[in-house]
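A, B, C, D and E are the chain letters, set down in written order, and residue numbers restart from 1 in every chain.
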Amino acid sequence: MTNSMSNTEFVTNLVENQYKVLKTEVLDQYQIAFEVKKEDVHSILSLLKTSGWIQLSYLSAVDWIKDNEFEVVYIVFNWDKAVHIQIRTRLDRESASINSVLPIYPGCKYYEREAHEFFGIKFPGNPDYEKQLILENWDDIPPLRKDFDPRQYSDKKFSHMEYKNDFVNKDGKVSKQEAREKRFSDADKLRTGGKK
Amino acid sequence: MKEMKLFLGPQHPGMSGNASVHMYVDGDIIKRSYLLPGMLHRGFEKGMERHLWVNNISLIPRVCVVEPDTNEMAFAMAVEMIAKLEVPERAHYIRMIILEFARLSIHLMSYGGLGGPTGLYTLMYHAHTDRNTILNIFEKITGHRVYHQYIVPGGVRKDLPVGIEKDMHSFLDDLESRYEEYRDLGINNLSIQARIRDTIMLPKEVVWELGVTGIGMRSAVNKPYDLRKVKPYARYDQIEFDVPVSDYSDAYARVDCKLQEVLQSISIIRQCLIKMPKGDVRVPISKGQAMRWTVPKGYAYACVESSRGEFGYFMVSDGGTHPYRVGVRGASYPQGLLGVEKYLPGTRLDDASLWIDTMGVCSPEIDR
Amino acid sequence: MNKQYSIFTSWRHFKHLFKKPKTIPFTSIFTKKNMNYLNNNSIIRSKKKVEMSNPRTAGDNQRGFHTNDWEVCIGCGTCEEICPTEAITMVERLDIKDEEGKLQQRPTIDYGRCCFCALCVDICTSDSLKMSKEYIYSHEDPNAFELMPEALWQGHAVEEGWVKDKASNLLDLERVHMEHESPDERKSSFIEIVRGYSKEYAKLEAARCVECGICTGSCPVQMHIPAYIKAIFEDDIEGGLRQIYETNPLPGVCGRVCTHNCESACAIAVKGEAIAIRWLKRYIIDSAPNDMYEKILMEPVSEVVDARVAVVGSGPAGLGAAYYLRVMGYEVDVYEEKPLTGGVMRYGIPAYRLPDSAINKDIDFIEKIGVKMIVNTRVGKDITMDKLEKDYDAVFLGTGFFKPRSLGIPGGDHKDVIGAMTFLPQVRDYERGVLKLEDIDVAKSIVVIGGGDVAFDVARSATRLQMLKYGKSDVKLTSLENEDQLPSSDDELFEGSEEGIELFCGNGPQEVMIKNNKVTGLRLWKCLCIFNETGSFNPEYDKECEQIIEGQQIYIAIGQSPDYEYIPESLQGKLQFSRGKIKAGEFGQVEYTPWLFVG
Amino acid sequence: MVDMLLMILAGVGVALFGFVLQTSIAGVNRKIVGRIQKRYGPKWYQEFLDIFKLLSKRSVTHGWIFDFGVIMALGGIIGTAMFMPITSSLMAFPGYDNFFIFVYLIAVGMLGMAMSASGSGNPLASIGVMRALTTMLAYEVPFMIVVLTIIKLTGTSSLSELGILQQAGGDFNWFVIALPLGGIVAVISLMGMLGKKPFVTYIAPAEIASGPMVEYGGKQLGMLFIMHEITVFIEVSLFVHLFLGGAENILFFIIKYFAVYTALNIMSSVYGRLKIDQVVLFFYKWPLILAVTQAFIAIYLGWVI
Amino acid sequence: MLSTKFSPMSKEEVDRKWWEIGDFFRRNSLWMLMYCTGCCAIELPPAMTSAYDMERLGMGPMATPRQADVLLVTGYLSLKTLRRLIYTYEQMSEPKYVVGFGSCTINGGIYHDSHAVINQLNKYVPVDVFVAGCMPNTESVMNGFIDLMDLIKNKKANGWKDYHERNDWYKANQKAALGEVKIHDEFHE
């Protein structure tokens, strides 16, 4: 716990000496992130586990829809050295699949199920990963993908309250508010040369 | 006898929270079991992506209902980590006070909750009455009894109100003076000991395998693995406190650690009140009005020690006005899902709700 | 550890049998109505009336139900914007008085959505929205949960709960610092004072805007202010430029010298410093590259209408008209008597506020879209009105006010009593190098009469000339209005005094002191009030309080009147004038002369 | 014939008295327990409100066994209560107040309830019934040994006679004092009988959602509540008559009854619930040893205080 | 004497009288079923325990739906919960009442645009009283209960009758949101 800066250096040396790391980010004295290739993930994780990073704190994914990629993130922790390590790797969005880390970290079982449920990433090697965990009778694309719009889904399926109260007082005049809002939206359209 | 299917929850007095434990029992012995989460799924991680940075402070406390402050703290820390914000010194101390009060409140609640599965309702009544006092103190500080929305990225929302120290001290003194009474009613009581001794074990070897943290881990491995010590956040490095540990991981050890932590929390709050400097309590995330606050690009994983273990927020920002991705590591995720599946079988039917209670399984943070 | 446990440990709690319970009495839980219900509910009807029953008073920071003071609220709708649950809707209330800087709308809150986060309170621009300590409300009808917060909650006054304070404030009340030339430096030259925002600073300043749109209503040309500020924030210069050009063809000029009424209407200005709207506009113009301009400007001119329009005068009005007519497809010719187009922009406003480069940029682009500029041509002298009528389908008069109003006091017709519009063009000409310093007759000490922007222009220009000529300045400014009522903008006042202009505000000039046919000073009387009860101009003076200020020259900047000499008499007979302006219909069309339009 | 009718009427009167007494005392006890929990507790007549409320509700049936079992349980218990002497001389069926009648008749009610609960088809109910029967087996054995010791010592098994015998010995010549170990066993067993913590494994809301009652609602639940109250009346009265010297008059009976019930309630309010295996183990350990010791001491050594 | 004074009450009147008597008992002994559907449940323990001592009103928690009179829907309802809530509601014995807690049950609250949470509770089960707040303080909860009692007294708490009368409407709404009310998993085959 003392001499924390050397801990991150230790990790950096440990990983970078053996594997090709695409990017290393030292976030602070307790955290370090590596971007690695998909093939290296498992060996790096087992290396880390044998070096004391025995706890899988978190596993999830990020949807980089513009790059058409998913980024899977593994966060492991070592209680003696007090460094959280993020291992990040990118997967192709269309056929996202990465082998389960169940043999290395048994605790990943439900995280992987959840990641599959919410992103649609496949985890071969995890026996139940295709079972629904949180959702029930889900009938749309995995909800944490960026192209899923929960509002649309909500509007489609669940009605909203429409209040019957009448607070508006217009005195039969032309609504200035509407005019204002129209101008606002018109102006917004101008941005892209909406005049055409 | 044939195996029988039984539910524990979602609507069940022994279930703390809206989740369901499905069990196959043979007589009274649980043969197989698993947790059915998702009853409280609200799409938080999606919702956070769709809210502004500032709006998120109204969303995050709701991730875990009983302990909103750790959520706020972890979120705030993650944002501060990406945006490289320097939080004012006073805010650090106020945050610690709030966090420790939250710890007190949830420990009282879960200790009182011990009264539910064991039928010792008097304990529940007493503990909740004291918790109510904490809630009132919270209300005075933050404006709401439960959803405080007080710890925000960059500090806290308001300074402590005048004269609140008196309320705090009187409550802490009162609680400390009745600490032995509490022990006598609860875990020193033989009828309770019969329920929690030597049962619902979580052996040392499997703690790592599951990823269980917090009291569940410390009561097994006998080492002070507390994030407040291991990687101090706020100003925990300037406060003296002990981390209660144990090497025998039965339910008794967990409850015992919890109660000892109550004393530690009391002492931490007292130290904070003494050490707290004067000054500002908040810096904005960035310039401009709140709806146009931006956070630079970056990744961060920030975690705090909640009453159930490591509570973490994984955050990705793309430099915009909204978070790009926020992931929540619920502190009770491992013991709630994998723990119930792997280590509840073999115990008795009666122990299921005690497992849920002493492990502190909080279903909203599992479902999110 | 010594573990003490037995069957009997818990027996110590039997003591609570003889202690007072911790329960809160009904009368501090229930409201009076509910307490009455409880009282009538027991089997034995109790006749006792409930006297007092109040739920526990919440803490000072309680985030209870909202209250909103309608008098203070400006209807900006910021609360609606920030609400994380979309619970707040602004509702139009035309029964509220229509005031400058306020919108006729007030928030309603849907308590079926509200999450009591108090963000709306923290961001309220006028501090009118507050949260009370009331937290009890239940109803069987879900419709009853949409409420319109007023100063009273459910018809009675309540205590304030959560209110905004310095720490919880979510607005940015301080302007991003704009770099100015230092007073000493700028005093002795005509370089532009305001340096303009860098990209980074402009974004920060734009981030302060809450997009309420109150400013739009106060802008003479109704620019899409919030929209282009948002564009700056999102780093979309092109979009912002488009939004600006939709309403304003001379943004480069306006970005420097418009009267920025918007900034006084700004919602942020209620509690803090207004957004620097004008400078942000200027930022867009300055940072947009030329090719972007062309692209945007050429877009709208699509079809050509076979009609020609003559525009008389190339001031802001004339150029504006020319631009829009051209955009509509007309062929436009602009007539200008002076050698350079721009009118008041070119000849009135001093260069430290509006450098030529900015004017050129604007006018060049107007020319680029096909507007023809015909300079050095005075209508009425070089070309007749009749000819214009014959050659063009329509004529637009956009001539400005260049003729000084006379002072009307003894000595006011002395040659050293100079009108602003005589002086200022000289200054501009000097800046352009047309005139030499020696050609301009600036005395060593000067008195300026007037409190408007023009007066300051005069005074500050004179300061600069004095500095250049004599190395020191001595300019005094006197006006009827008091210092805090001066019609000029605040920065003028601030910067003017920074540059060493002495102010004699609240005084009315009575006599120009002349000695040996030379102006020596001005006699002032204290001005008591400027307008009489009916509101017309009729100043009253306190004769006792007399003051004489010295000066060798007196500049008059108390307003200008138009010069309609160019209009032939035949036509003048048909026109009607009111307060110096030609009377016209709704769209600027002059009665009886359908081909003639005025600005 | 008329005698018989009158006796039955009187018997029903006793049952009704028992119901009203027990329900009121239960209400008062809720307030007392509330005090230990630092609160005031409900109105003293809350139990009545609850029961009448339940009777006023509509209910769902799960087949005829379910319904019939409830009626059988209630009928059986009312039948049992009819034989209960109130004081040593006041009873509906003089001479029929033999201890074994109660032991036998009370089983009818229990059986009805067990039948009905199993008829509901809910697994929790069957677990609850199973646990109830197991608990019964556990507490009955030591209790029976103590009672048999008394019967052996006195030579009678009639409750009223036992009461009179105790009263004849002078003030406080009660079996609870005379046979102290047996008294302790009887108190512990009574706690088991009444379903007080720590022996209340078969209700256990947190584990098996109130066990046998899980499927009851409305009228059936109301009847079960009435049955429960009368059962408690029978069990506490048994204790009063067997161990507390019966009662010379109604006032004494009510006082003794109240004291016993309240003491048990207060005690149980600071205990948690044991597991079913622990309950059985407990009863077969300490109370059984104590009861046997007591029997040995009292019968073979003749040491009676 | 009796025969002259006693004018036989019509059947409706007798029914009404009985109902009123029943109502008295019902409103003074409301047994709650806490279905902790959401956050608002966290303010119930203080209400039930010593600080506020709800038992004074005759209210208490009950273990199973069959025994309970009033269903407390404490906050937002995810779809998964709603399925089970409908099960639960239909199991309760009549007359039964529903109290909706907090913003979420009225119009979706903070989760109004979530993909997993319904917005209006009263489209799926009839609700008698809504309590405002997010979450409602204990005092609001207690006052809400009194409001419910008042409604029962005035015979306005008729949600359960409505559920019979407009059963088709409720069922249609449930179907629209849930697709299928029936639960499919290992335990409900």
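We adopt the following convention: a contact is a pair of C-beta atoms (placed from the backbone, for glycine too) under 8 Å apart; a residue touches a chain by one contact, two chains touch by 3 or more.
These numbers were taken from a predicted model, which means no experiment stands behind them.
S.K.: Going by the stated contact rule, which chains contact subunit C and subunit D alike?
M.R.: Touches both subunit C and subunit D: B, E.
S.K.: Of the chains shown, whose Cα centre falls closest to the middle of all protein Cα atoms?
M.R.: Per-chain C-alpha centroids compared to the overall one single out B.
S.K.: Contact counts by the stated rule: is the higher one at A-B or A-E?
M.R.: A-B
S.K.: Select the chain at the greatest separation from subunit C, using centres from the mean of Cα atoms.
M.R.: Computed centres place D farthest from subunit C.
S.K.: Could you tell me the distance, in whole angstrom, between the mean C-alpha positions of subunit C and subunit E?
M.R.: Result: the chain centres lie 55 Å from each other.
S.K.: Centroid from C-alpha atoms only, then distance subunit D to subunit E, rounded to Å. What do you get?
M.R.: Centres of subunit D and subunit E (C-alpha means) sit 35 Å apart.
S.K.: Taking each chain's centre as the mean of its CA atoms, how far is subunit B from subunit C in angstrom?
M.R.: Taking the average C-alpha coordinate of subunit B and of subunit C, the gap between them is 51 Å.
S.K.: How big is the gap, in whole Å, between where the Cα atoms of subunit A centre and where those of subunit C centre?
M.R.: Each chain reduced to its C-alpha mean, subunit A and subunit C end up 45 Å apart.
S.K.: Residues of subunit C that contact two or more other chains, please.
M.R.: Only 10, 13, 21-23, 58, 84-85, 110, 112, 115-116, 142 qualify.
S.K.: Going by the touch rule set out above, which residues of subunit D reach two or more other chains?
M.R.: 34, 36-40, 43, 205, 209, 270-271
S.K.: Of all residues in subunit E, which are in touch with two or more distinct other chains?
M.R.: Residues 28, 49-53, 56, 63, 65, 80, 106-108, 110, 112-117, 120, 134, 137, 185 of subunit E each touch two or more of the other chains.
S.K.: Just spell out which pairs of chains touch, all of them.
M.R.: A-B, A-C, A-E, B-C, B-D, B-E, C-D, C-E, D-E
S.K.: Can you list the residues on subunit A that touch subunit B in the complex?
M.R.: 1, 4, 25, 27-28, 30-31, 33, 54-58, 60, 62-63, 73, 75, 77, 79, 82, 84, 86, 88, 105-107, 109-111, 118, 133-136, 143-144, 146, 148, 150-151
S.K.: In their complex, what parts of subunit C are in touch with subunit B?
M.R.: 3-7, 9-10, 12-13, 22, 58-63, 81-82, 84-85, 115-119, 122-123, 131, 161-162, 165, 167-168, 170-172, 176, 204, 206-210, 233, 268
S.K.: Flag every residue of subunit B that touches subunit A in the complex, lowest number first.
M.R.: Per the stated touch rule, the residues are 37-38, 41, 43, 45-47, 49-50, 81, 208-211, 213, 223, 225, 229-231, 298-301, 303, 310, 312, 314, 316, 324-325, 327, 329, 333-334, 337-338, 367.
S.K.: Quick check on the complex: what are the subunit D residues that touch subunit B?
M.R.: Within the complex, subunit D touches subunit B at residues 36-39, 123-124, 127, 197-198, 200-201, 204-209, 269-278.
S.K.: Can you check the complex and tell me which residues of subunit B touch subunit C?
M.R.: For this pair, the touching residues of subunit B are 51-52, 54-59, 122, 129, 136, 139-144, 147, 149, 155-159, 161, 181, 184-185, 187-191, 193, 280-282, 284, 286-294.
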